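Presented sequentially are two complexes of chain A, the first with chain B as partner and the second with chain C.
This part shows the complex of A and B:
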C-alpha cells in the first residue's frame, strides 16, 4: 500500500508539471490562436536562467524561481512580438504561426545548448529543498509538494483571472475575435502581451521546478515537457485550465503506474494512444468548448 | 679473378640485403600534412562525453605534430564535423569525408548504431574508421574499421565479482536502459555475476535513455528492499536514478559504470554520487604511466580541467592512426594506412600502461575500481 501511495504522489507531481506546462500552452492557443511549439524552449531557458542566478549570484531558490519565471515570461513576449506579431498583422493564419514557432524552437534550443555547453546541469544540492516530509506511512519529497502546490496555485489563479475578472473577459474576447474586441474597447495588444507573458511564466515555472526535482537542467528539458503538455491540452481541452490540469495529472499518474505495474516500454505508447483517441473521438477535449479551430 | 668476382658478388649481395633491411627499418611516410576526419559529438545529448573525446583527439594531434610521432616531417590535421549524435548527420559527414580524397582516415562514434551505420561507408570507400567510444562485439572489419575502446563488460564483471565477494548481498535490484541493447547486455552480465554468487534478483527496472523523471523508478526499486542496487544505464538516467535514490533516502550500496566518471558529472551531482563504485581503465591521479602523466598535465594546461576516460579514448584513437602512419613507406594512402593499422598488435603510445589490439579490437587494459570521494576526487574504492 505504501508503494502504491508513494507512486500515486509521484504520478500527481509528475502530472502537475505537465499540467503547469500545459496551462500556458493552452492559454496561447485559446487566446492567440497559436500552436506554439517554442513553448518548450521557455521552460528550458527559465531553468537555465534560474540555474545561473543561483550559481553566479548565489540567490536563494525562491529568488531563482522568480528570476526563471520572469525570464520565461519576457522571452515569450519577445518571441511573440518578433515572430508572431508581424504574422498577426498580415493575417497569415495558424500555419504561418506554427512554422514560425518551430523556427523559434530550433533557434532557442540551439542557443540554450550553447549556453549550457550542451551539458546537463543541476541546482547545487544545498540550494533547493531536498528533504522529505515523513507522514509515518509514507514519505513525500518537499520538491514534489512544491510542484503540486505551485500547480494548484497557478491553475486556480489563472482560472479565476480568465473567468472572474475584466482582464480575463478581455482575454476571452480577444480569443474569440480580436478585431471585434478592439472595436469594443479592449486593448488587444496589451491582452496579447499579458497572455504571452503568462504562458511563458507558467512554462518557466514548470521548467525551474522540473529542473530542480529531476536534477536535470539542459537545453532539452523543454522538449520532454512539450509532448506531454500538448497531450494534456488536447485531452483536457484547449480553452479550459481545469481540463489541462486534470489531464496532466491523469497522464502523470498513468505513466508512473504503467512503468510500475506493466512496463516502461508501454509508457509513452499510452500517451500517444490517449492523444490519438481524443484527437479522433473528442478533439475539443474533456472540458473544451466546440470552438476548436480558429486562425 | 674468379675470387675477386665472387667477393664482389658477395659484397653486392650483402649491400643489397643491407639496403633492403635498412629500407624496411627506415620505412618512412612521405613528409607532408595529412587530414584526419573526426565525426564528433560536440553538441546533442551526449555532448558532455563528446567534447571530452574531441579534446583528447585535439591534444593528441598537437603532441604528434610536435614530436614527429607520425613520421619525420609528417603532421596531421583534424577536420571536424559535428554529428550531434544524430545518425543521419553522422552518415552525411562520413560520406563527405569519403568524397574528400585528402582525408586519409576517420575517427568517430560514441554509440553503436552510428558506428554500425558508418562502417559500410568506410568499407565501401576504403576509408579507415577508428571507433573511439561505441562498444559492441564485432564492430571492427578488416582492414578498414577498427576500435580502440575495449569491450566494457569484462570490467564491470570484475567489479561485480568483487562487490559480490566482499558485500555478500542477498537481494540485488538492477536498473537498465531498455532502449539501449549494449547497456542492457552490460546489465545482464552484471546480474549473472550476482546471481552466480547467490544473490536474489528482486527487481529489474527498465528506464529509457531520454527519461528525466526517476522518482517513480526510485520508489519502485526501494520498494523491493535491496541490499545492493546496480544502475547499469546510460549517463543521464544513471545520474538521475542515483540522485533520486539518494534523495529518497536509500543508504545501501549503489554500483554503476564509468558513466559517472567525468568531472562534470561530479560537479553536477556532488555528494549524491560519492562512494559509488565504478570500473574504468584511465583516471587522473591513479593512472601514472609517463604517457598518462604527460597527457594529464597537458590537458589541464589547455582546458583547465582534468581529463576523463573519454578524452583518453579520443587521444588513443589519434595515436593509433599516427602509429599506422609512421609504419607506411612512401606516399600514404587510405589503403596503406588501413593495412598498417590492422597489423598493429599494441598501441605504443597509450595511457593505460599497455594497450593490446587483436584483429582491430582493443583488449581490456588495466581495470581500476574507483569511486568519487568526499574531496571530489576519484579514488580507489574500498568497502567501508
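This part shows the complex of A and C:
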C-alpha cells in the first residue's frame, strides 16, 4: 500500500511536469496558431541558465528557479519577435511559423549542446531541497511537492487569467480571429508578447524543476518534455488548460504504474496507445467542445 | 574530366540524399497542395522502407521493383490513415499527424519480427544514384502532368478556400483523400529509397528528424509548385555539407540560421509561381499596360 501511494505521488509529480510544460504549448497553439517545435528548447535553456546561476553566482534555489523562468520567458519573446513576427503580416498560416520554429529548434538545441559540452549535468546536491516529508505512513520528497504545487499554481492562475479577466478575453479573441480582435480594439501585440512570455516561463519552470528532480540538465531535457507534453495537449485538448493538466497527470500516473507493475518496455508504448485512442475516439480532447467556425 | 570525378567523389552521397529527400518532400507537398498540413509522410516512409527491406531480404528483388511494392504499401497505409484523419479539423490533423510519427516509432520498436525492433534492419542492396534519378524523374513527370490536370486545378482550389471549392461542387473530402493516396505512394517510395541508400534502417530513421527535414525542405523550396520541394530537398540536404566547409564549429547553428533567414525573406519558398508570373507580366511587351 505504501509503495502504491508513493508511486501514485511519483506519477502525479511526473504528470505535473508534463502538464506544466503542455500548458504553454497549448496556449501558443490556441492563441497564436503556432505549432512551436522549439517549445522544448525553452525548458532546456531555462534549466541551463538556472544551473549556471547556481554554480557561478551561488544563488539559492528559489532565485535559480526565478532566473530560469524569466530566462525562458525572455527567450520565448525573442524567438517570437525574430522568427514569428515577420511572418504575421504575410499570411503564411501555420506553415511559415512551423518552419522558423524548426530553425530555432536546430539553433537553440545545438547551442545548448555546446553550452553543456553535450553532457548531462545536475544541480549540486546542497543547492536544492532533497529531503522528504514524513507523513508516517509514507514519505514524499520535497521536490515532488514543489513540482505539484507549482503546477497547480500556474494552471489555476492561467486558467483564471484566460477565463475571468479582460486580458484573457483579449487572448481568446485573438485566438479566435486576430483581425476581428484588432478591429474590436484588442491590442494584439500585447496579447502576443504576453502569450509568448507565459508559454516560455511555464516551459522554463518545468525545465528547471524537472532538471532538479531528475538530476538531468542537458540539451535533451526539452525533447523528452516536448514529446510527453505534446501528448498531454492532444489528449486534453489544446484550447483548455484543465484538459492539458488532467491529461498530463493521467499520463504521468499511467507511466509510473506501468513501469512499476507491468514492464518498462511498455512505458512509452502506452502513452502513445492512449494518444491514438483519444485521437480516434475523442479527437477534441477531454474538455473539447464543438467548433462553430465554418471552413 | 578529373574535376568532375573529384566533384562526384566528394558529393555523390549528398546528391543521393538530395534525391531521396526529394521523394519525401514531394510526398509532403502532395497533401500540402490540397490544403492539408500533415506529418503522416514519415509513417508512409516507414511502411515503404520496411516493406522494401523485407522484400529485398526475402526475394532478392532489384531496388526499383521493391520501390513499386513500397509505393503500393504506402498507398494502402495512406488510405487507412486518410479515413481516420479526414474527420479531424485542420489544427487537430496537424497535431494528430505529429502524434502518428511518435506512434510509428513505438510500433516499429515493438514489432521485431517485421522491423528488427531495437536492432534495426540491414538492407543488403544499395540503390545507385542513376536508378534514384530515374525514379525521381518518373515521379516528377507524374506530378507535372497532375499539376496541369483536373486534379491539379481542384486541389489548388481546395487549398485556397475549401468553402468556395465545395460551393463550386468540388468534394473536398474526395480531393484530400486522393492527395493522401498520392502522398502515401510517393512517401512509401521515398522510404524505400532511404532504406536502400542508408542500407540500415531502424525506428530512429523514420522519426522526428525526418519529419522536420521533410517539412523544412518542402516549405523552403516552395509549396505552390511541384518543382519547389525538389529544389528545397537539395538545398536543405546540401546545407550541412556546405556549412561544414565554411563554418565547421557551428555548422548546425549556421544551418538553422540560413533556414530562418530564407523563411523570413521568402516565406513562400524559393520556387514561387506567383513571383514568376508577376515577372513575366512585367516583361517589355506588357510593360505599358497599367497594373490590373
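Miscellaneous remarks
Methods note: the second predicted complex is superposed on the first by the 288 of 295 C-alpha atoms of A that agree within 3 Å, B and C clash if a C-alpha of one lies under 4 Å from a C-alpha of the other, contacts with A are read in each partner's own complex, and residues count from 1 in each chain.
Operating definition for what follows: a contact is a pair of C-beta atoms (placed from the backbone, for glycine too) under 8 Å apart; a residue touches a chain by one contact, two chains touch by 3 or more.
These numbers come from a predicted model, not from an experiment.
Once chain A of one complex is fitted onto chain A of the other, the partner contacts of A:263 are limited to chain B, with no touch recorded for chain C. Once the two complexes are laid over each other on the shared chain, residue contacts for A:130 go to chain B alone; chain C is not touched.
Of the two partner chains placed by superposition, A:8 touches none, neither chain B nor chain C.
In the superposition on chain A, A:70 contacts neither chain B nor chain C. Of the two partner chains, chain C is the only one that A:231 touches; chain B does not reach it. Touch criterion not met for A:59: it reaches neither chain B nor chain C.
After overlaying the two complexes on the shared chain, residue contacts for A:215 are found with chain B alone; chain C is out of touch. Shared contact residues of chain A, touching chain B in one structure and chain C in the other: 265, 268. Every residue of chain C that touches chain A in the complex is listed here, in rising order: 32, 37, 84, 87-89, 91-92, 94-96, 98-100, 102-103, 106, 109-110, 162-163, 166, 172, 212, 215-216, 219-220, 223, 250, 252-253, 255-257, 259-260, 263-264, 267-268.
For chain A in complex with chain B, the touching residues are 2-3, 6-7, 10-11, 13-14, 17, 113, 117-122, 124-125, 130, 132, 139, 141, 144, 210, 213-216, 220-221, 224, 255-256, 259-260, 263-265, 267-268.
Chain B meets chain A in the complex at residues 42-45, 47-48, 50-51, 178, 205-208, 210-217, 219-220, 223, 236, 239-240, 243-244, 247-249, 264, 268-272. Those residues of chain A that touch chain C in the complex are listed here as 29, 33, 35, 37, 82-83, 86-87, 90, 92, 94-96, 98-100, 102-107, 109-111, 114, 227, 230-231, 233-234, 238, 265, 268-269, 272-273, 275-276, 279-280, 283-284, 291, 294-295.
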